[in-house]
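Consider the two complexes below, in which chain A is the common component and chain B and chain C are the respective partners.
So, the complex of A and B:
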């Protein structure tokens, strides 16, 4: 067997192995998506129907309250809650993350390293371990089952990561950029917005997307701290499809698709924004 | 008028003092070079003039204004950074016009000044490129262009050539010199390269450990170094410095060899004084291979350990008074290893420094 043939065989084998592996990983996801577009009857039939015979948007119409059949689950309210909570907590986490990240990257202050380490250590505590103390404090403060309560929790959860990520991106922007801008007539604030911010933009965008996805997908804490349509988010709402004796798999899957779509869109945006080579060329040769 | 005055300027970081009360007056349109080894405080001094570092003590005046507490944007200076600090997300045109835009100049003025700077620096073809698409020399030019468009009171240069290769450095050096003659402005230029200092400066400020060691024209600093540091720092290869003692009107080295006391220095030393004898390699040449044969001199037979051919001249590594010393052979011939040659030392150009203080014995 000559070398080039062997090379090709190895390449083909690698492709097959990768394909099999990806199939195992992707199959549950694919099943959820397929289930979302099929009637419950077909989902539960034995033997399983692999290729959908009926493929329509009835489940989506049902959960959003259009059409003849309706489910008694307030999906639009959950969707709104999720959106408000995720967007607000992301915005706050980004503002604090930008200020904090910039400070860690640029300024010298006492206990800087200890504070930074402390922030990172807070990430090592699993969220669920905090749920009981948070629950007790929130109940005293009247924050249980409020959007505000969830926004505070998710903001706290996201800040260490956004600071860490944004700090890294500001470090890549040479401080001479800001100095040059200041000599050129900018205030420190103008230098930040006109020069440093545009150069760290991709990092800030990816931090924002990450924070949004964390808040959007979180289940454990939300399941403890939310009760009603006032604050329940989509992942928690999924559990509404389980009744005492039945589970509405089709409706649940349709809602899962609704949860996945924004995450999917944002993930594609991340790929675009993670090209961080923007600062190249501004300094040295 | 845009002279710059530093009065007793001090810089401390916490308890560490890095610049110890320096005084300096830079005249209108003068090209002053701050030179010294790394860590001597030259860049810190420049950054204090720019307003990028706070002044711990003392006063800095630019023109008539005390600028101690003014932010950089109010000092009407411009600066070229070692790494250029071009804005990577802007085109060359936007980089050049940025300062004027910030100052809210009308578009017509911005365009006119940017075009003027571009034509002075030969950037007109490159206006729509981004910094990433430029070569090192072109980036350097854009950085200078960004400095000149604003017609500032002073240019500050912070080691602007140290990121360029040797050939480009020489080329850009002459461009900076030409630029200064075209755009008459006060310049403060920081470098660790004494050749840049010698070639560019109207006046050189030699710094070491946060002190000014000497201020003078290039020729003053070269011909009359005030101490052993300046003597060894300015000039390449550096001056030979040999410990010696004054005995009976002679300069006697550690190995008891010696040379006559230079006439022009005899009145400044006394018998028994410990000194350091300084002589540049150019003034220590094999007989018949020097620059000039006139003036007071001494002849010594020295063995050459190693000869380095440079083309128009050869560097000769030898020993003088038991110390390693370097001589030069102009119009060179082949020199064998361990060959003994008669060296002529031009005592007219020799220096004597006090062994204790390192200061020149001649009080000018």
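So, the complex of A and C:
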């Protein structure tokens, strides 16, 4: 076997393997998305209908309460709750995370590594284990089934990782730049806002997106701390469908699509910085 | 003022990092540390949600004693460890394979990398739902495909059979999290210096030897970052199990986390559930700590080469 033939075979094998891999990654999600646009009758039919005969937005109209058919699940309220809770907790976590991340990136102080490890360990507490005491305390404070209660929990959940990422991004900004600004007469605060923050901005934005998605996707805590349309989020709302006697697969898939879309868009925006932030923060220590 | 301005400036400078970290600490103490202390206290009481006064009913170590003699708990515990061991090893192996594969591709690499990140960003509850739908024995696309292709006529009960249900859950978990490994290992491959590989090739190393002795050691810190990140949220598997099987059939896919939820909320035995939760917390912390020290060691070994 000559070298060029062998090279070509390897290239073909690589492409086939990549193709199969992408199929495995993409098909499950695509199937759910496709189902979201098909009527239940078709989804449930036996033998299976492979080529959709009907393809429309009826399921979306249905779960949002328009059109002839409606579901008893208040998806618009869940959507608003999810959005409010995720956005607010992200904003707070970002402010706190920037302050903490800056401390780790720019200062030397005693117990720095232990404090960092402590922060990370606080994130390892399994959601369901944390939900037990938080449930008991929140019910005494009257925070059960309120957006405020969820915002506080998600802020805490997001802080450690936000600090990790932002620490990495600040460290990529050379220290000398802020020192030079200070020599030129800036205060440290001005040097931060005029030099370091603009340079780390896109990284911080991706830390924010990551925090948003964590809140947007969280289920274990939300499933116990929320009760009604006052605070139930989309992932918890999705489970409403399974509580019914027969599962409305098409409606559930339509709701899944609504949860997926922000994840897809934001992932697309964040991907480059996220990889950089994780590896940089991790490897260079 | 006894202090000279200089020394007060110095103390201020020394205090700055702590001041900057103070808000983070406040929130974490309020939402995580205090509840955990409360949870520890509760684990020594016979607290039941339906009887609030039982919060003051101190029972000492009885909850822990009960756990350690509880067969269901140990089965769930063992299953959780097994689940993590299988899932993490598969994720590492697949992740490494995918990273090496994508690294070979020159055209469209960026797109492939983006697509690879999608499962990671999916809500675990969605991943669970997605596979609940796909593995459904009656209308699931997998059985439909098998039947349409004439491979199998029977409706394979993917989520009802004890072994198949566990397999389905591991499949969902691996699908969701392999990309964490793939992406970080790929970042490692990009950061890798070319010279040692070229030198080894000149010296007559086979590709396998190059991989074994140069590529793999270089990638290990990246693998440990992935492990550390993964161990931060291994308990997300709760969401997947809860939506796919709810711990069933007959408790055969019950993991530590679903057991905690069942004991605490469904049976309202909060004291007992908190004792179990503590075991799960210690498990998670030990896990993260282990990988973090591995990461630090690997980093030191590389001597800041990356």
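Going forward, the second predicted complex is superposed on the first by the 267 of 285 C-alpha atoms of A that agree within 3 Å, B and C clash if a C-alpha of one lies under 4 Å from a C-alpha of the other, contacts with A are read in each partner's own complex, and residues count from 1 in each chain.
Keep this in mind: a residue touches a chain if its C-beta (ideal position, glycine included) is under 8 Å from a C-beta of that chain, and two chains touch if they have at least 3 such contacts.
Just so we're clear, the structure is a prediction, and the values are computed from it rather than from any experiment.
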Chain C versus chain B, contacts on chain A by residue: C
Partner chain in contact with A:190 - chain B first, chain C second, else both or neither: first
Chain B versus chain C as contact partner of A:87, first or second or both or neither: neither
Partner chain(s) touched by A:180 [first = chain B, second = chain C, both, neither]: first
Which of chain B and chain C A:269 touches, first, second, both or neither: neither
Partner chain(s) touched by A:217 [first = chain B, second = chain C, both, neither]: second
Partner chain(s) touched by A:28 [first = chain B, second = chain C, both, neither]: second
First, second, both or neither for A:199, with chain B first and chain C second: first
Residues of chain A contacting chain B in one complex and chain C in the other: 278-279, 282-285
Chain A-facing residues of chain B, complex: 50-52, 71-73, 77-79, 81-89, 98-99, 102-103, 130-136, 139, 146, 150, 163-164
For the chain A and chain B complex, residues of the former touching the latter: 174, 176-177, 179-188, 190, 194-195, 198-199, 278-285
Of chain C, residues touching chain A in the complex: 14, 16-18, 20-21, 23-24, 27-28, 30-36, 38-39, 42, 47, 98, 101-102, 104-105, 112-126, 129-131, 133-134, 138-139, 141, 144-145, 147-148, 175, 179, 183-184, 187-188, 191, 221-222, 225, 228-229, 231-236, 238-239, 242-243, 257-258, 260-261, 264-265, 270, 273-274, 277-278, 280-281, 284-285, 287-289, 292, 295-296, 299, 304, 306
Partner chain C, residues of chain A touching it in the complex: 14-15, 17-18, 21-22, 24-26, 28-29, 31-32, 35, 43-44, 46-48, 50, 95-97, 99-100, 102-104, 107, 109, 112, 115, 117, 119-130, 132-134, 136-137, 152-153, 155-157, 159-161, 163, 213, 216-220, 223-224, 235, 238-239, 242, 249, 252-253, 256, 259-260, 263-264, 266-268, 271, 274-276, 278-279, 282-285
